[in-house]
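One structure is given below, encoded as structure tokens.
Per-chain residue numbering starts at 1, and chain names A, B, C and D are given in the order in which the chains are listed.
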Amino acid sequence: MATIPAPAATTDQREAFYERIADFHLAPLWTRLRSLVPAEPAPCGVPCCWHYDALRPYLMESAALITAAEAERRVLILENPAFPDGSRISPTLYAGLQLIMPGEIAPAHRHTQSALRFVLEGHGAYTAVDGEKTLMEPGDFVITPSWTFHHHGNESPGPMVWLDGLDIPLVGAFNATFREDHDRPEAAVSRPDGDSLARYGMGLLPVGYRRQSLNSPIFNYPYARTREALGVLARNGDPDPHAGHLMRYVNPVDGGWAMPTMATMIRLLPDGFATRPCRSSEHMVFVGVEGVVTLQAGEHTFTLGPRDVAAVPGWTRHTLAARGEAVVFAFSDRVAQEKLGLFRESRE
Amino acid sequence: MATIPAPAATTDQREAFYERIADFHLAPLWTRLRSLVPAEPAPCGVPCCWHYDALRPYLMESAALITAAEAERRVLILENPAFPDGSRISPTLYAGLQLIMPGEIAPAHRHTQSALRFVLEGHGAYTAVDGEKTLMEPGDFVITPSWTFHHHGNESPGPMVWLDGLDIPLVGAFNATFREDHDRPEAAVSRPDGDSLARYGMGLLPVGYRRQSLNSPIFNYPYARTREALGVLARNGDPDPHAGHLMRYVNPVDGGWAMPTMATMIRLLPDGFATRPCRSSEHMVFVGVEGVVTLQAGEHTFTLGPRDVAAVPGWTRHTLAARGEAVVFAFSDRVAQEKLGLFRESRE
Amino acid sequence: MATIPAPAATTDQREAFYERIADFHLAPLWTRLRSLVPAEPAPCGVPCCWHYDALRPYLMESAALITAAEAERRVLILENPAFPDGSRISPTLYAGLQLIMPGEIAPAHRHTQSALRFVLEGHGAYTAVDGEKTLMEPGDFVITPSWTFHHHGNESPGPMVWLDGLDIPLVGAFNATFREDHDRPEAAVSRPDGDSLARYGMGLLPVGYRRQSLNSPIFNYPYARTREALGVLARNGDPDPHAGHLMRYVNPVDGGWAMPTMATMIRLLPDGFATRPCRSSEHMVFVGVEGVVTLQAGEHTFTLGPRDVAAVPGWTRHTLAARGEAVVFAFSDRVAQEKLGLFRESRE
Amino acid sequence: MATIPAPAATTDQREAFYERIADFHLAPLWTRLRSLVPAEPAPCGVPCCWHYDALRPYLMESAALITAAEAERRVLILENPAFPDGSRISPTLYAGLQLIMPGEIAPAHRHTQSALRFVLEGHGAYTAVDGEKTLMEPGDFVITPSWTFHHHGNESPGPMVWLDGLDIPLVGAFNATFREDHDRPEAAVSRPDGDSLARYGMGLLPVGYRRQSLNSPIFNYPYARTREALGVLARNGDPDPHAGHLMRYVNPVDGGWAMPTMATMIRLLPDGFATRPCRSSEHMVFVGVEGVVTLQAGEHTFTLGPRDVAAVPGWTRHTLAARGEAVVFAFSDRVAQEKLGLFRESRE
């Protein structure tokens, strides 16, 4: 094989070539290869923390500015400072705080995006999904599967607030969003509170049951039960050095993650326990549930108390240290990354 | 339940509120809900066609401008006119034409992205992946799995051109890209041409074989074999009204798509056959292999001959009509959409 | 093609031939084809019922005859009358009543066979499996997976009785039985009561958990929880006409049956509800839990009250009719039949 | 806990008890436990070998005794000497040599049992399954899935002989056999030879294809292709010390075994290569294809040439040693054992 002499083209010749081919919707890869395919993820989004107590007054003020009905969803988006007006907390995830006041109804609609609710404050407001209503309590993890009609209501005397987590940017990357409004504010409810938990979440499944979607058919994973599981796990064994007592919410139909695009997890950290540093390609959102945790993420240090929310972008080295026994909920895009072969983790 | 009076806030009051909360990295959802969650995908990318004969001179000119070694990959990106400098043919996909001249070597590297090669012109250049070399012929579909070292070489007397398809924008949406250059231009080759096809593609698997990745272990799906299958299918049955005789490349380990992020397919359209209109949420890239096809995509009409490439963005109504028996290769992001619960199709 | 004249061989000639080839370990298929491959299953086993109250005195008498330690397992086998000395309740299944008296220990061993326990009488005896102990209550369904060390003990003041269900004949058909005795009567117990239920049965799984076997990692499915699920199911919907409110115990790791060879199910029949006739290829064992059911199986009619056991061989037409609300547990070889492609059901 | 004094029952008292409870269809487990649940499989069936050349004259003689039409299937059963009149070659498997003479048709029927054919002698007879006909050549592996109508015919000038392998005893253990005769000797054939191989066996699947059964949709795995795969495997790597170059026939739909109850495999042993001793719980049937192999199984030594058949019962230590390069086909019940959690292997 003959040796290939390097072409003698000058920079100018090349630039002229690039201009000519642009008319044909062609571009050289070689000038872009290193930025398109970098050696490591460059930071995308910054670590950030939202303290509930500081935000709550604004949330309540929003109730005076707009009704749930007018807003369709009265939500304050938690926007990553790196993406102003980006409506995202991380490259792939959306998070917001939703408020529903006594007597209000957030009208029924459905959309391609999957949504999770993690209840922060209040008792007894409900979400209705696909004909079933669930009353929600703090710490409950509630799923609104893709393309199911859902509305929210509050028949309790106090306000109710939960964290919304959605895959809006992820679905947006595929440009595959569909939405449909229901013709009435409230979709019909035909099954009572707790039906799906009894039907699918007690270690049994109805014989002949066939899955309807990639989401778990359990609609509300109540905190009381989750907390009991964490307590037993903590009493009976040692925490994982990098994660603590970490459990994932599970779809009983296949044992996989509860939702097809967003991984949802909860962990208990014993008093004084600190995780060893690790980083992974997933974009994480943490929510304090019990106790106080010091979250170190890259150069940032946050104190995460109950109801506080923090974002840690992918491939950011981070640790969690508990003062007193602590419980932390989290969601991320890990499940999507795993399915696509992209998930990567580095434990120190 | 009492009726909720609508809050009396003025537009100005609301705007002032939005400004105040922005300091806390908060934003109202209600002003953005309709654009974040639209009723249907708005067009994202435009249908576009690249005629090989028109592009080929520029491709050959590029050989005089830069060597494969200097370029690392001498590729002209097919860039969707809707995304200038976007380095993508559709929202989630990258495509380019790669040229390798006699005697050249495109040096070894690996990256998170999966790559497919569909051979357009030339005989006998090779790709080496993970210790195996495959000689390539027109119509061959070759896989470079995520994170496997690969290099290309051409020991034949003529130039070789293939279409590269990668999931660069899709992986980019997760900000989960890693790349590593090999310390030598050519990674070691320990298995001869055809090994993986014999090992995994003959209806058998070695007892005890364990999958290494989510990609098919078959590295080259030769066109001769694919064409034979299409021929039999066409002789023995009727084409699908919306798709023709459409087959998908398969991972023998699990029967799923051959690659974890990109769906790869090939179809035969009998002489005179025209598909009924359909649209789906996947972003498609078509490549002509045999015969001539009229591709109608939205308002655009393209004539797709051998080696021509066309992009049809998601949710664009389209049809294919064959003049003479035609074979068309295609790839799309359907497999990723299916796994995430996003794929949707409408057949008329 | 020429017509083939029928060979003129006489019966004697054929018989002589059969004798000659027998020396070579050959035999003609044609004389046996109809019996080897019958048009339908011929009855194999008969429907039979065991009334607990009638058996209990003998069970207690056995305690005076042999200790648990001497017996290794003090069990009275429920033997199908069609198979005297066959040690089976149906062609593929074994069932027995196991008694453990206060202070006794049934020593630790392990075997290839999977075992289920369904508790009939007593409170607070335990089974220990693989380092975990579970206290058992009536109605609890407990799994002893294949090849796990297990022993039973009774620290309560009264006798304890449960139904043992094993796949002994099924495993026997493969001649694939292994057994090992532990070197001590009691294997070490390292995890407290309830650990596996909390760890695997609360809608969560520990992140990083990897399955150890084909059995569910939940070791005891407590009746209190099962009964709650049945109650909700019954309140919120209509019973299946052929099955009532029928649920299956589930392996949370994959959503499949809880055990790899034996299907385990429980159903609620509303007061006055009678199932429509059906038959299936599975061999069923029913156990009354609450209420009274009339079981019609072929020509037999049985009254199944709490703790009564009945066998219904495969392909026997049967119905269940409840007097008062009734709950019935069942196990069968359905899961094995499904995996092997043998399960068949006919609903009238 | 108080010590339990051993009951003072005499043997006579116990025997009397056993007699009394027998009336209630009860039996003591403790007198049978050791035999029901042995420490290791006791030999069940003996190793045995059938030399084709010795049997062929009888096979041909059978053609003079009975027609294919009269016999329905003209087959000489290979009967394990340990089970006279048992119609089985091993505890779970049936094997026989089927002869079809020029012009004959073995009439169409279907049954629950799955059947495999491994062609030994002749060219160009056919099997028709489910509307497709395949012409068979020596070494071809052909599947007749459970409950599909099939008939055989011979339009060639010479006799054709193949090995039939069926799961008759295994299905018999479940008493789940159904059979139906077609109303005509020949079921309709609507697809030509080779259709299923092209459709499902070329590394592609038709988009939208849904599996019809647990069997591979590939109907004939032709030897020419299999041999090519074995040759490449042997040239490019080292044999497994216990198995040689061992491959399994695969279901392209899920990557699992080609059949749901019987594992089918083929191996190449290089000239002079001998496997190390191993034993497993599966019952194996070996068929010589090329070359000569010395099979040592327990105390038996057999010389296995082309078309010779040997049975090795489960848990029998065995080795294979090749004189000249050899190819050996095998089938076993391994796939059923794996699904049920029973498979066990010991490699020395």
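As a working rule, a contact is a pair of C-beta atoms (placed from the backbone, for glycine too) under 8 Å apart; a residue touches a chain by one contact, two chains touch by 3 or more.
Since the structure is predicted, the reported quantities are computational estimates derived from the model, not experimental observations.
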Contacting subunit A as well as subunit B are chains none
Any chance you could name the chains that touch subunit B and subunit D both?
-> none
Quick one: which chain's Cα centre is the longest way from subunit B's?
-> C
So how far apart, in whole Å, are subunit C and subunit D when each is placed at the average of its C-alpha atoms?
-> 28
Chain centre separation (subunit A, subunit D; CA means) in Å = 51
Cα centroid separation, subunit A vs subunit C, in Å, comes to 43
Which residue numbers or ranges of subunit D touch two or more of the other chains?
-> none
Please categorise the chain-chain contact pattern as a line, ring, star, complete graph or other.
-> ring
Chain pairs that touch, as defined at the top of this document = A-B, A-C, B-D, C-D
In their complex, what parts of subunit D are in touch with subunit C?
-> 1-4, 6-7, 9, 13-14, 17, 20-21, 24-30, 32-33, 36-42, 44, 48, 50, 54-55, 58, 61-81, 85, 87, 91-92, 94, 96, 101-104, 111-114, 146, 155, 168-180, 213-215, 260-261, 281, 283, 313-315, 333, 336-337, 339-344
Of all residues in subunit C, which touch subunit A in the complex?
-> 191-192, 194-195, 198-199, 201-208, 218, 221, 225-226, 228-229, 231-233, 235-236, 240, 243, 245-255, 258, 265-266
